[in-house]
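Chain nomenclature is as follows: A, B, C and D, assigned in order of appearance, with residue numbering initiated at 1 for each chain independently.
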Amino acid sequence: MVKDLEDVVIRTVSRILVPFIQIYGLYVFVHGHGSPGGGFQGGCIMAASFILLVVAFNLRESKRRLKERTNAIFCALGVFIYAGTGYLSFLYSGNFLDYGQLSNLFPTDPIKARYYGMAMIELGVQITVMAVMVSIFLDLITAGKHEETLEEDGK
Amino acid sequence: MTDSALPLIAVLAPMIGAALILMTGTKRPNLREFWTILASVVQFAAVYGMIPQVIQGQTLKFTLVPLGSGVALELRVDPFGMIFALLASFLWIMVSVYSIGYMRSLKEHAQTRFYFCFAMALSGAAGVALSGNLLTLYMFYEILTVATFPLVAHKETPEALKAARKYLVYLLTGAVFVLFSIAATYYLTGSLDFVAGGFVAGHGSAELLRIIFAGFIIGFGTKAAIMPLHEWLPSAMVAPTPVSALLHAVAVVKAGVFCCLRVIFYVYGPKTLNDLNLWIVLAVVVSFTVIAANLFALTQDNLKRRLAFSTINNLAVIILGASLITFDSVRGALLHLPFHGFMKITLFMCAGSIYVATKKELISEMDGIGRQMPVTMAAFTVGAAGLVGIPPVCGFLSKWFLCLGALQAGEILFLFVFLASALLDAAYFFPIVFNAFFKTGRRNPGPVREAPFLVAAPLAVTALLSVIFFAFPDALLRFYSLGDLVVKSLFGGR
Amino acid sequence: MTDLILSNYNYWVYVVLIMIGFYGMMAKNNLMKKLIGMNIFQWSIILFYISIGAKKGGTIPVVDPSLHPAIRALDYVNPLPHVLMLTAIVVGVATTGIALTLLILIYRKYGTLEEDEILEALKK
Amino acid sequence: MMLHFPVLLVVVPLVMSFFIFVFGLFQRRICFPLTLVTLAACLLFAGGSFWTVLSTGQPVHYHLGAWAPPWGIEYVVDHLNGLVLVGLAIVALLAAIYAKTMVEREIPVAKHAPFYALYMLQATGLFGMTVTGDMFNLYVLLEIASFSAYALIGMGEGAAPFAAFRYMIFGTLGACAYLLGVGYLYIITGSLNMADLQQILTPLYQSQVVSVGFAFLLVGTGVKMAYFPVHTWLPDSYTLAPSSVSVLLAPLFTKVGAYVLIRILFTVFDPSFSTTLLPATQVLGWIAVAGILFSSIMALAQTDLKRMLCYLIVTEIGYIGIGVASGNRLGLTGSIFHILNDMFMMAGLFMTAGAIQAHFRTRKTDEFAGLHRKMPVTSAVLVIAGLSVIGVPPTCGFFSKWYLLLGTIQAEQWVFMGTLLLGSLLNAILFFRIFERSYFEPRPDPPHLGREPGTRFERAAMSELVPMILTAAFIILLGLFSGYIVQYSIAYAVPKGF
């Protein structure tokens, strides 16, 4: 289904672009506190880098870099980071997602703890969004049949 | 009020029996039938054990579960309930024995289902008899209705299925009316507990009370086969004979009449009925049924159908007696309730016994059968005589009180209704008896033997009891004393 | 009347958009067009929310002492509707994803996305 | 730990759904036990919260992130939703046990892990919708539940993807209407918290914005709960869904929708607003009358058992609507109790429908002859659940109808009352027709069983029978102990305005 585009310019440019896109994704994530951005947007941008790989190269190439299982693990990992951060405050009899309580765990004052707690949450969001976006994209372009499409490519 | 587990046992015994029957299944028929008999005996023992306390004037009760806001699922035993409970549980023993003989000789199919549903129906009947308020009554009433449905459909022929459907449509529609009335009663009075003499007086407008009463009578009257609502009963005759006996004499229609009487005496009460002029409406409606049912009966050739119309007639007689609300008419109605049960069950078991022995259902084919089946036809004669009201059978006694009651009420019209009904009874019963004994059949079908012992014995016993109750109406089951207690609680001692 | 339209033009835009979307969802025969209609419908609501949070001359809701010594609500846009819509966008994306998956399944099965043709095929 | 139960109810299944997905990639067999353990935990959380509410008599409030209510999201368990939560948890657990063999039969092996993941996500949405005290959070969880439902239904047979797509179009319309309603209320109040909204809204009842928002909210929840004229998505999608899915969705989703409706009518808005100021409940009642009659008759016309049950759901929702329309304490008690009862009734019915389809290889009621011989337990459960739908005591269906009936009488709404009674009669015809076929037309080997050569009758597995029997037991127990339920829970759940 996905044809190889044997275009040197496109391949080279996208190979150069991918790290920049990813760094931009991280930038958007980090600046989510004070400007438009955050985990969700960052995650989408991160996902775009992988999608660019698929478009510019082929499915197999991107699979080699991000296996489906790895992607699924990322997906769950993000949720785990999110919920785990939320659960951490249980340890100090705080409510779910009460990051202020994290100051007991790390040597910071509650306000800073809140800041870092949010960053943790956003990190979880970012990872999950990235993984889900990539998997939605892959599912759509292959109509839900990764393995079969790959076999076709291999032939 | 005394707490007692006996009412619970009376209701639960058949249910547990039914469960055991289901578990035993078709593989061990003897054990299965043993459970039936055991359950019926236990139930009867439980009911019988309550007699002394009830006669002494105690009220036994057992609360199943409270439902909040003044309502509970509650069993409560008063003399009136005792009459019906005694009737149902005693006759169940008879019918159990009889049905074992009947079902086995005819090699009927699906016997497990039959016994299961029979036991459930009896549980429902006992529940209806012993329930302490309208909601509990309704619950057991529905259990009875649903449990009887498979019995009517037992033969699984298209005709039987049609009859069962008809049965269900009639009875469920009736139940809907009842449900409305119960809910409305609860809304008006905030209570559902039966009180001798009624508890609705002074609540709600007269109009509303009349509508609610109409709902009750239409609903319960469907089960009691009051005339425009009787259609299901003759159709239900396709069922096996023990079922007909159950329908007519033991549980189902009797439950309908019982519920009607409950409403008349324990929800509305004589005084309210009088004040609202409801009694006269009810009396006229059932008088029509009394006469019309007998006229229908004259035209039937199928023996069971003729008996069915006779049942409709007698049920209407009971309600008529109750609706006249005089001392003696009520006593007559209360006695006719069990006595009719004994006589009618005799007749039905006779019809079944004839069917077992000869496969005959039509009256015109039964010429000369009396000589071939003397025990059966002798019992039939006793039952028929009783229903007509000839001494020395107990039917005379109840009819005597009913006629007295009509006089007491000063309503000569209704006296004539009672007498005309007796006359018509005679007109359709005596030809059967006469032909059976004194006419020779046109085609002699060869040697016919008396029905098997298990079939013949119960009907002989009930016929004998019908005679005994004439001489000693208070014997064994204490119907007379119980009736007396009810009348006294309603009208005050005299 | 003109004032009414001009002063609340954001609402009018959302009403027009939502009607276009609704028309697409209900009247279009092609399932993909229905889906597009559905998306327009969702996005119009998102626009509606975002517009109610916006303020003329408002800035991001991070308290900035240089802007004005005392904190005035007028200086900052209301962040809550925007945050809500972030979630609503995610929901919309998820719904669209599933819708596309379903459309692929439908297309594979019936070879068409025209509703009447599918219904025709179902009758057989 | 008990303190955190309300939030765990949502977060644990959410996290587990992703874990199940990931673990399923490596070890397929672990999915089912994980699902079961999670749902059992949810039952513990729901039961624990409800117990706290019952013992203290006070609602449990949980502030996410310790933000105080009008700003932060609040989870609340009170007498109303505690009851619904416990019912949800029990039915979801039973449905999961039941689903085990059904999934193996219906879903391709490769899709087992996604199936259970979606199943968990569905549970997340349902629990969340019930437990949340925040209007927007409710929208999000509603959509989580909805799109997992679309995906689950899409796994079904035949035209299921098409049905799921139609459901999605309708469902999105409903969700968007709900979202708009929330937006309108937010414009005028600036708050999203239910309790806070009630406070702020009371002086604003004359405002048109409030009325419009209210109307949008009703339409939105109406679509999601399959209220009569907007129920059209339901029969197709639930009929074609896999049995393992419909047994979860059919009893629960519409009931949670009904719960949300009651919340909006009587918690977010004051009862006085919903019943008198804007006679919304009256309108709902008359629509419900039409809906009950229409869907009962449609149910009578069906030969497919599952489709018939789908129309029955619409009828039952109509009953809940009538209780709401009575606008008094008794009617609302009936509605709330009916939400709980209907979960179990529908669970029982859909379980039997699935089992009959799987083992008897037909769903056509015409072909049910001899069913009770082959599947005695299943048909017994069908009878019990059917009697409950008809409203035969002592099953639970009777008792909720009893309260509904009292409510209509108190409101002197005779048409509503007549509809209730007529509806149960129509249901009686419906069910006794099936009972008759399955019990009274014996044929030793029904022809359709021999249709596929070499197929042998396969008995229902224990994991199917046990949930069925338990559901039937619950149907009777709920009926017998209805007094306690009403007295200790529903009596407090009815809002103060009555």
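For the reader, a short list of remarks on this structure follows.
Throughout what follows, contacts are C-beta pairs under 8 Å (C-beta built on N, C-alpha and C of every residue); 3 or more make two chains touch, one makes a residue touch a chain.
Because the structure is predicted, anything quoted here is derived from the model rather than measured.
Most remote from subunit D, judged by the distance between CA-atom centroids, is B. Distance between chain centres (mean CA atoms), subunit C to subunit D: 29 Å. Centroids built from CA atoms put subunit B at 78 Å from subunit A. Inter-chain spacing, taken between the CA centroids of subunit B and subunit D, is 43 Å. One finds 36 Å separating the Cα centroids of subunit A and subunit D.
Residue positions of subunit B with contacts to 2 or more other chains are absent. Across the assembly, subunit C contributes 101 as residues in contact with two or more other chains. Listed for subunit D are no residues, as none touches two or more other chains. Interchain contacts (touch definition given at top) occur between A-C, A-D, B-D, C-D. In the complex of the two chains, the subunit A residues touching subunit C come out as 33-36, 38, 40, 136, 139-140, 143-144. For subunit C in complex with subunit A, the residues that touch the partner chain are 60, 62, 86, 90, 97, 100-101, 104, 108.
Interface residues of subunit A facing subunit D in the complex, by the touch rule stated above, are 69, 72-73, 75-76, 79-80, 83, 86, 90, 93-100. Subunit B meets subunit D in the complex at residues 64-69, 71-73, 109-110, 113, 135, 138-139, 142-143, 146, 149-150, 153, 156, 161, 164-165, 168-169, 172-173, 176, 179-180, 183-184, 186-187.
Subunit D meets subunit C in the complex at residues 136, 139-140, 143-144, 146-147, 150-151, 154, 159, 161-162, 164-165, 168-169, 172-173, 175-176, 179-180, 183, 186-187, 192.
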